[in-house]
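Here chain A shows up in two complexes: once beside chain B, once beside chain C.
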Partner chain A sequence: MLENMDLTMVNWARAQFALTAMYHWLFVPLTLGITWMLAFFHTIYVKTGNEEWKRLTKFWMKLFGINFAIGVATGIILEFEFGTNWSNYSWMVGDIFGAPLAIEGIIAFFLEATFFAVMFFGWNRVSKGFHLFSTWMVAAGSTLSAVWILVANAWMQYPVGQVFNPDTARFEMHSFADVAFSPYAVNKFVHATSSSMLTAAFFIISISSWYLLRGRHLLMAKRSIVVAAVMGIFASVFTVFNGDESAYEIAQVQPMKLAAFEGLYEGKTNAGLAAFGIVNRNKQVFDDQDPFYFEIHFPYLLTLMANRSFNSFVPGMKDLVYGNPEHDILGSAQKMVRGKQAIASLDAYRQAKKNSDETDAATHLAAFNETKEYLGYGYLNAPEEAVPPVALSFYAFHIMVTLGTLFPFIFLLYLYFTKKGTLEQKKWLLGFGTITYFLGLIAGQAGWVVAEVGRQPWTIQGLLPVTIARTNLTAATVQTTFYIFLFLFTALLIAEISIMLKQISIGPEEN
Partner chain B sequence: MIANLEYTTLQHLWWLLCSVVGSLFLFMNFVQGGQTLLWQVAKTEEEKGLVINSLGRKWELTFTTLVLFGGALFASFPKFYSTSFGGAYWVWMLILFTFVLQAVSYEFRKKPNNIFGSKVYELFLLINGSVGILLIGAAVGTFYTGANFTLDANNFVTWTHPFRGLEAALSLSIYSLFNISLGIFLVLNARTLASMYLINNIAPEEVPAMEQRLRAACENNCLYSLPFLVIVLLFLLLMPGYGIIDEQGTIAMVSFKYLKNLFANPWLLLFLVAGLALLLYGVWHTSWKRQNKGIWFGGLGTVLVGLTVFLLPAYNNTAFYPSRVDLQSSLTIYTASSSPYTLMVMTYVALTIPFVLAYIAYVWWSMDKGKIRMEDTGDPTSY
Partner chain C sequence: MAELPGHRPSLFRRIVLFYVNGFRQMTIGRTLWKIIFIKLFIMFAILKVFFFPNFLHTEFNTDQERAEYVADQLTQPAPGMMH
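Up next is the complex of A and B:
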């Protein structure tokens, strides 16, 4: 079966996962971020008893509810898609990957789902204190949910805390703490939640700016902008600094991803960081074509970002594919050889076990243990397969970084003009402000493209390629469900946008 | 203490926990049942508003229970997760499809500019409540009747039927009769529970005519479900099952396997009998005695029946996900589970479940102290 992989099916399964994940991430950042702002608004209302804050809280809550529903709708597919489209993966790593998903359900989803109803419908049904507590619990639940799903995703990027069991030919968890507190998971959580918070801040700024331009709901809009801009500054600064930490980590554990999103084919000492570039899409890792038609870079910065030092070597895609003995880098070509030895030893071990030949089994197991860390490479057909799509990774990374660098300044401008009391006169800023939510969404989407496309061809970095992780389905089957979900999600997205625009146009309820 | 539990104990414990979650999901299906009753018991927009707002405060709990059911199975029995979801592709995809439709419908239905109109969202709710639950019932039925898969040396699944799971409900076989009967019973039972829940949750003086319709629906749906229940029970008592017959884990057909399992685990028999009795008592309490607390009897009864349905095909050396085409590919709780370490870690996590249940119960009580009234349907944030 493994020898007859249907790559077309794998690509459709990838496309379907990308589709559902990207649709899901249109809604999740707002949920993650705005719940904390709702908790803040609600707290001020309870503290002051000022009805204006209640109106403001209920208004943003209403928009959150519309967004939340479609976020839930797109989320359920993702969980089950691991089983439907990536069943071999589910079996091989269910021990490790399933645990965070189950914990997410027990600890986070129920918190969110239970208190969600109180937050929305508890205004006159429960005490003010319990109602406020429920709003905070929804925020806590959504953030806890992010913790566990990002732990799971981080493990796919940087697998730790597991061992390969040759008897069952699958990975098993041996340290839950290593999985849950992996530095990659911590970084991923901080980066995803802080960027979500800034996206939510932009959501509020976009709508409030529109109200200010229209001269409607001025007090509510200005109050919302102040809270959102303050939160946005903190979130965006966090995002930028944590982004740098993430890049450093990627350089250490996923150097191919770093090389791809920087378009770095030849490793360099004192490598520059690309500021802008047009990628030569015909370039192959083995040829001598120029990787860019045009490029501007900041000298030394890539080395600094990747290694936290100047004058050190950053490996390029060629080094990582064909190896670089000078810098002690093993390429995927050499890893493939060892990986195929690992597969052969594993097969021999299992055959010996089947024949109850313990001596032979021990010999093959010892041979397997020497090469087992390269097992996944044994399933690649060519060393060049280890290179992810370069142009997509490059553009996504640079869009994300450019926007991320711009964001703190937008929040600062809003706060500056608010403090001066001239925000309403700054039509140019308010006009630009109305589109900032979309910029936040674009940056978030680009970030996930970097994370997921940059990891290809691996489902689990270095251990399990997508060609093995898939379900035994025909391409036509997955193609059909891809189009079903494309149609369904698009239709629901159109309805959601239409409802959202109408609610924004109606504005907060009057007293 | 947990660290000292034996592997087989952990495997049994986790199947029990998954069964508890699955059974709670069957109880929470009153939301789906209510969605299918909407067209029947709510004749005016006001009545519809009351039904939707009553169910709308609970739909997310049902949804989350389903998600947890999937997550718990993934973590504790990954081979089942990969085999069933990857193999019975179409049945799971259709189930998920109906839950996607449900997730947006409460929020979007009455909102202005919702593109499709409220009738379409009500249709989505109907589809979820009928097709979704019917297919879930058929899928659960395969725990007894088996499915069409083989596993290779790496435990990768190959499905041997072109319908990829839908054959559980659509093929012309005696086994489909069982699967489809279980599915229809679950749909009708969900409608019975929904009638009880709505009577309990909506202030009856607001809509006396609807109250009459709900009490009638409770009785009627219970009556309609009985023939399907009888079919299911007869199958359970008479059908052969997939048993583990030796220490090597060999699977073979065993006559009257599920009847034997009932006698081997008399507490399951007790669950089944008590569950059905509580269900019928709930209906009698609601429809004949015209009381409002039938949902608690019916709900507990459903959980007990659900526990029997999930535990019976797994305990007492039985294959809970049998393969009809290759007996030795069948899954048992011993062959399908995670490693002892993962089960142990997850057992520590499961210690939080009582706490979760406690706060759900508290919130439920706090929110439902006051019945749903017309005024609850007029707020802009209401459904």
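Up next is the complex of A and C:
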């Protein structure tokens, strides 16, 4: 793989960010999801007074603690990378995200320092009510701590509620509500948290299935499976419906991303949704090659997903690159012209300000304001550069959707055989169940690949491409830290897996 | 840290005792805390200091200079794009 990588600074910085974010997302979904499971387990214990539920709660709490400890602060490295590799971007968005991220970090720290301690140390030392309240607060705090970073990501995909200040070269928050409650942000938060819950449900099912296969801790395993499967069904159905809402949102604000992850080059009315396909990697947006070597489509479904109707037009990559006057679509080629006008006006404005020519400055500022929404396109060298990597987007999207469709059925099967009382005899299901956690992780990672690869070349959609967002560093500098991270993260992952496996092997404490 | 019978310590002392006893009774938690501290040391004392300087803060002294630099970047032609 590495020998095929483009050895430029931007691509190394992208690779490093992807490595860090994907590693971080190995821990986050489990933390986000399992805290809610713990809250339910703990509640059942307090309601019933049954010591088996207490034992069960303490066991899953311990595994959560291991995951949290190894994963904590891995996200901070992303912030390091902003300042070092993406300094222009970091400067430009500092006004929007700096303070809220800092406030969120402080609140999360105090919530965690207080309620984590009570949750872990509080058995028989604080009242049952306060102890349970603390467990619920840990769940709420963990989820809240993900809010602003997901809002920030959503804003980069769909920038709203900001104005660009040409004097400071910064985006400044114009409307907090527009930024925090944009439909894109709400969808992203709900999708990320609900998918995290189903990943956590699979974590519990994987380990419990292993116990059942080994004939160990049978009661605990079966009880854990019931709660996890019920939570999992709700979470997975919610994730599927919310995913559909996200796709609709993408079709409206990032049509190029939708076209890329569907491999749709030519826009269509009544477009079908690809069920399966082998992408032609040599296909270019300007040629007439077939985009697929092989494909199966569900008729009409892409149009339905993108526009909530059967008879509307879904633009393809060609329409979005070269424009389509019939459907009133402005292409990247036309946007590039306006973007270059915006850059020229910005430059002229700065020169006029330096010369203290306020009249001239006002004229150029007015010209800049007319074209500023296309600013990012002015940095492209060719309109085809607006097309993201199609094959990677396509495969990631279809892996995510296929797994997401499969998940509710897995949970249903577990509940069905549990109700029939034959789960322990279903070795095939239990064997498959042991790997479901990894399927949940793969689906989550694929989802982020769709979100981030699919929006290339933009750091901020339409406004700032990665080539301008980056710092002027050499590729070698970023390569060095890339390998340091690779080593460090691998060591941490090995530590987590070995500690986790040891604790799973030991199982819950007796009495 | 044992308390005299019949003596109820202050709220502050009870909170401190809660944490101290909690940490003392940890088993796997001790290993995890060691990993956390080693990790934070590597991140903040090594990586942040030697490998991840904040570019704009190390190269420029004032926000005015930083703004000028970024604005210069925004008004220069872009290097070649690549996917």
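Quick notes
By definition in this document, the second predicted complex is superposed on the first by the 495 of 511 C-alpha atoms of A that agree within 3 Å, B and C clash if a C-alpha of one lies under 4 Å from a C-alpha of the other, contacts with A are read in each partner's own complex, and residues count from 1 in each chain.
By definition in this document, a residue touches a chain if its C-beta (ideal position, glycine included) is under 8 Å from a C-beta of that chain, and two chains touch if they have at least 3 such contacts.
As the structure is a prediction and not an experimental result, all values here were calculated from the model.
With the two structures aligned on chain A, chain B clashes with chain C. Applying the stated contact rule after C-alpha superposition, one finds that A:268 touches neither chain B nor chain C. In the superposition on chain A, contact is made by A:77 with both chain B and chain C. In the overlay built on the shared chain, the residue A:379 is in contact with chain C alone; chain B does not reach it.
Counting residues of chain A touched by each partner, chain B versus chain C, the larger count belongs to B. In the superposition on chain A, A:69 makes contact with both chain B and chain C. Looking at the shared chain after the overlay, A:353 reaches neither chain B nor chain C. Of the two partner chains placed by the overlay, only chain B lies in contact with A:501; chain C stays clear of it. Once chain A of one complex is fitted onto chain A of the other, the partner contacts of A:88 extend to both chain B and chain C.
When the shared chain is aligned, chain B and chain C each come close enough to touch A:125. In the superposition on chain A, no contact is made by A:223 with either chain B or chain C. Stretch 361-369 is the one of chain B that runs into chain C, the other listed stretches 217-225, 307-315 or 361-369 having no clashing C-alpha atoms. Annotation: chain A residues 62, 65-66, 69-70, 72-73, 76-77, 80, 83-84, 87-88, 90-91, 117, 120-121, 125-126, 168-170, 350, 471, 473, 481, 484, 488, 492, 495, 499, 503 touch chain B in one complex and chain C in the other. Contact residues on chain C toward chain A in their complex (touch as defined above): 18-19, 21-22, 25, 28-29, 31-33, 35-36, 39-40, 42-43, 47-48, 51-57, 63, 66-67, 70-71, 73-75, 77-83. Across the complex, chain A meets chain B through its residues 1-2, 58, 61-62, 65-66, 68-70, 72-74, 76-77, 79-80, 82-91, 94-99, 101-107, 109-118, 120-123, 125-126, 130, 134, 165, 168-170, 172-174, 176, 350, 471-473, 477, 481, 484, 488, 491-492, 494-496, 498-499, 501-503, 506, 509.
Contact residues on chain A toward chain C in their complex (touch as defined above): 6, 8, 10-11, 62, 65-66, 69-70, 72-73, 76-77, 80-81, 83-84, 87-88, 90-92, 117, 120-121, 125-126, 166-170, 343, 346-347, 350, 379-382, 385, 387-389, 456-457, 465, 467-468, 471, 473, 480-481, 484, 488, 492, 495, 499, 503. Note for the complex: chain B touches chain A at residues 57-58, 60-61, 63-64, 66-68, 70-72, 74-76, 78-79, 81-87, 89, 92-93, 96-97, 99-101, 103-104, 106-108, 111-116, 152-159, 164, 338-339, 341-342, 345-346, 349-350, 352-353, 356, 359-360, 363, 366-367, 369-370, 376, 379-382.
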